[in-house]
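Okay, so chain A shows up in both of these, paired with chain B first and chain C after.
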Partner chain A sequence: MTVFDIAEFFGLETRAGKDHLDEEVTGGYVSDLLSDVIAHSRKGNVWMTIQTHPNIVAVATMKELAGIILTGGREPDPSTLQKAEEEGIPILVSSVFTFELAGRLYQKGIPGLSPC
Partner chain B sequence: MLRTFRADLHIHSCLSPCGDDAMRPQAIVHQALAAGLDMIAICDHNSGENVAAFMSAGSENGLAVLPGMEITSKEEIHLLALFDRLEECLALQKLVYQNLPGENVEEVFGCQTVVNRRDEAVGTNQRMLIGATLLPLEQIVSLSNSLRGVTIASHIDRQAFSILGQLGFIPEGIALDGLEISRRTSREEAKQRFHSYQGFSFIRSSDAHTLGDIGKNSTRFLLEKTTLKEVQMALHQQEGRRVLE
Partner chain C sequence: MVEADENIGLREMFYIEGGNFANAGATSSRVKKILKEIGFPGKIIRRTAIAAFEAEMNVICYANQGNLSLFITPSFLKVVVKDEGIGIPDVNLAMQEGYSTADERIRELGFGAGMGLSNIKRNTDEMILTSQPGQGTHLEFIVYLNEQAKE
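Our next item is the complex of A and B:
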């Protein structure tokens, strides 16, 4: 599944990075602590969070994530959108809360990360 | 005799990856004086490596510069720790460095330039200063206090990296000396929104990342002189010292 497929299938709205939706998604990660995402997310993951500030884009860039999904109806800050466009990081939004949305993605075959 | 001093106690230098490259000692000190400030504090993310240069530039030009740091706790809460002496700031920096994983990625987070008092670059810090330490909030507060620092929760009116944004409340009994309000929230608004925390003193500062931001938000203190001890007394309303509205 690509980021585009996920957006379509789960009814997510794309707020930034419209030209960067064709990356194949390697899995999902859920966390609201940036340090945790830096430590554990994997290249190509979609990251679900409620943080909306520009630093989420820096983390996604650094970790080469496929995209960021803001859950629970949260909207990115204007400066976050600007940075996401510059860096080509897709930002998708959903009114669904994190647990529910992560569950839906998992059911559709987006894997999580097993502990090592 | 007590009089009014205007202070901006939260300014980033070019050492912070997000700080503008122009944020160097002479430039900041002159800008602060032009903005009518009597006292500033340099608080870079998780480092005090530029503080000595700023203190020299300050004393050359007659501006009080307090050594400080803005530390990121394990919970990703930003805390200002201000000190009287450089040694205390560097003692805390040592503990912070022991608990700060990762290396900076310049292209993503920005440059971390170490400077001298003449604004010349003398090195680059390689640590991931923008990252979080492994230290819990309460431990940072007690470390700072044990070094006779003043500890203030940064920009509590912001969602990102603030104690209220990350925890949703201020833990009971935490030994903070004050709470900082950013320029996004007016004095009146802050009074209403943070009514339940009125037991703490509130300071206002610019959190400047560019020269133009310096002094855009500041605190008026009633003090005898511009020292950390006096600021601490003001935050605890001792011997007539206080934060003015």
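Our next item is the complex of A and C:
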């Protein structure tokens, strides 16, 4: 599944990075602690968070994530959108809360990270 | 820690402003772009950029100002981060994953989980951290370009 497929299937709205939705998603990660995401997310993951500030784009860029999903109806800060466009990182939003959305993605075959 | 190599091909220094969260990640992004342009392997770039990001965030969270220098040699990449800030009273304690002195504001932004220094250690081959409480912190790390160079 690509980021585009996920957006379509789960009814997510794309707020940034419309030209970068074709990356194949390798899995999902959920956390609101940035260093935790840096430590445990994997390249090509979609990251679900309620953080909306521009540093989430920096983390996604560093880790080469496929995209960021803001859950629970959160909207990215204007400066976050600007940075996401500059870096080519998709930002999607959903009114669904994190646990529910993660469950839906998992059910559809987006894997989590097995304990290592 | 490896001594300064005479074959340093590139040395760049970046200024980091303490407390400027809006610009956070700018320095490590530039480090990443430089390494990408030179054409280092993706894993080397990712490890170095992640460690640089965590180091940059530490300066932004805890110091008044600092700078990050990138050294590129034929066998390793070295990053030196010096700051003027509150410093770290107990470096060993700070290295423990989960230990943090971050205030509420830093934590609300999703930083201050006490994982930054261990993320740096995990992504680098050598790391040295020294600090003078009340004056500042000095961090150096090295990422080797090939496995043999670790010997």
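The criterion applied here is as follows: the second predicted complex is superposed on the first by the 116 of 116 C-alpha atoms of A that agree within 3 Å, B and C clash if a C-alpha of one lies under 4 Å from a C-alpha of the other, contacts with A are read in each partner's own complex, and residues count from 1 in each chain.
Throughout what follows, contacts are C-beta pairs under 8 Å (C-beta built on N, C-alpha and C of every residue); 3 or more make two chains touch, one makes a residue touch a chain.
Note that the structure is a prediction, hence the values are computed from the model and not measured.
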item: Chain B versus chain C as contact partner of A:Glu64, first or second or both or neither; value: second
item: Contacts of A:Gly44 with chain B and chain C, given as first, second, both or neither; value: neither
item: Of chain B and chain C, the chain that contacts the larger number of chain A residues; value: C
item: Touching partner for A:Ser79 - first (chain B), second (chain C), both, neither; value: second
item: Which of chain B and chain C A:Asn55 touches, first, second, both or neither; value: both
item: Contacts of A:Gly88 with chain B and chain C, given as first, second, both or neither; value: neither
item: Contact residues common to both interfaces of chain A (with chain B and with chain C); value: 33-35, 38, 51, 53, 55, 58, 61-62
item: Complex interface listing, chain A residues touching chain C; value: 32-36, 38-39, 43, 49, 51, 53-59, 61-64, 79, 87
item: Of chain B, residues touching chain A in the complex; value: 74-76, 101-102, 105, 108-109, 130-132, 159-161
item: Touching residues on chain C, where the partner in the complex is chain A; value: 21-22, 24-25, 28-29, 32, 46, 49-50, 53-54, 57, 109-111, 113-116, 118-119, 122
item: Touching residues on chain A, where the partner in the complex is chain B; value: 33-35, 38, 51-53, 55, 58, 61-62
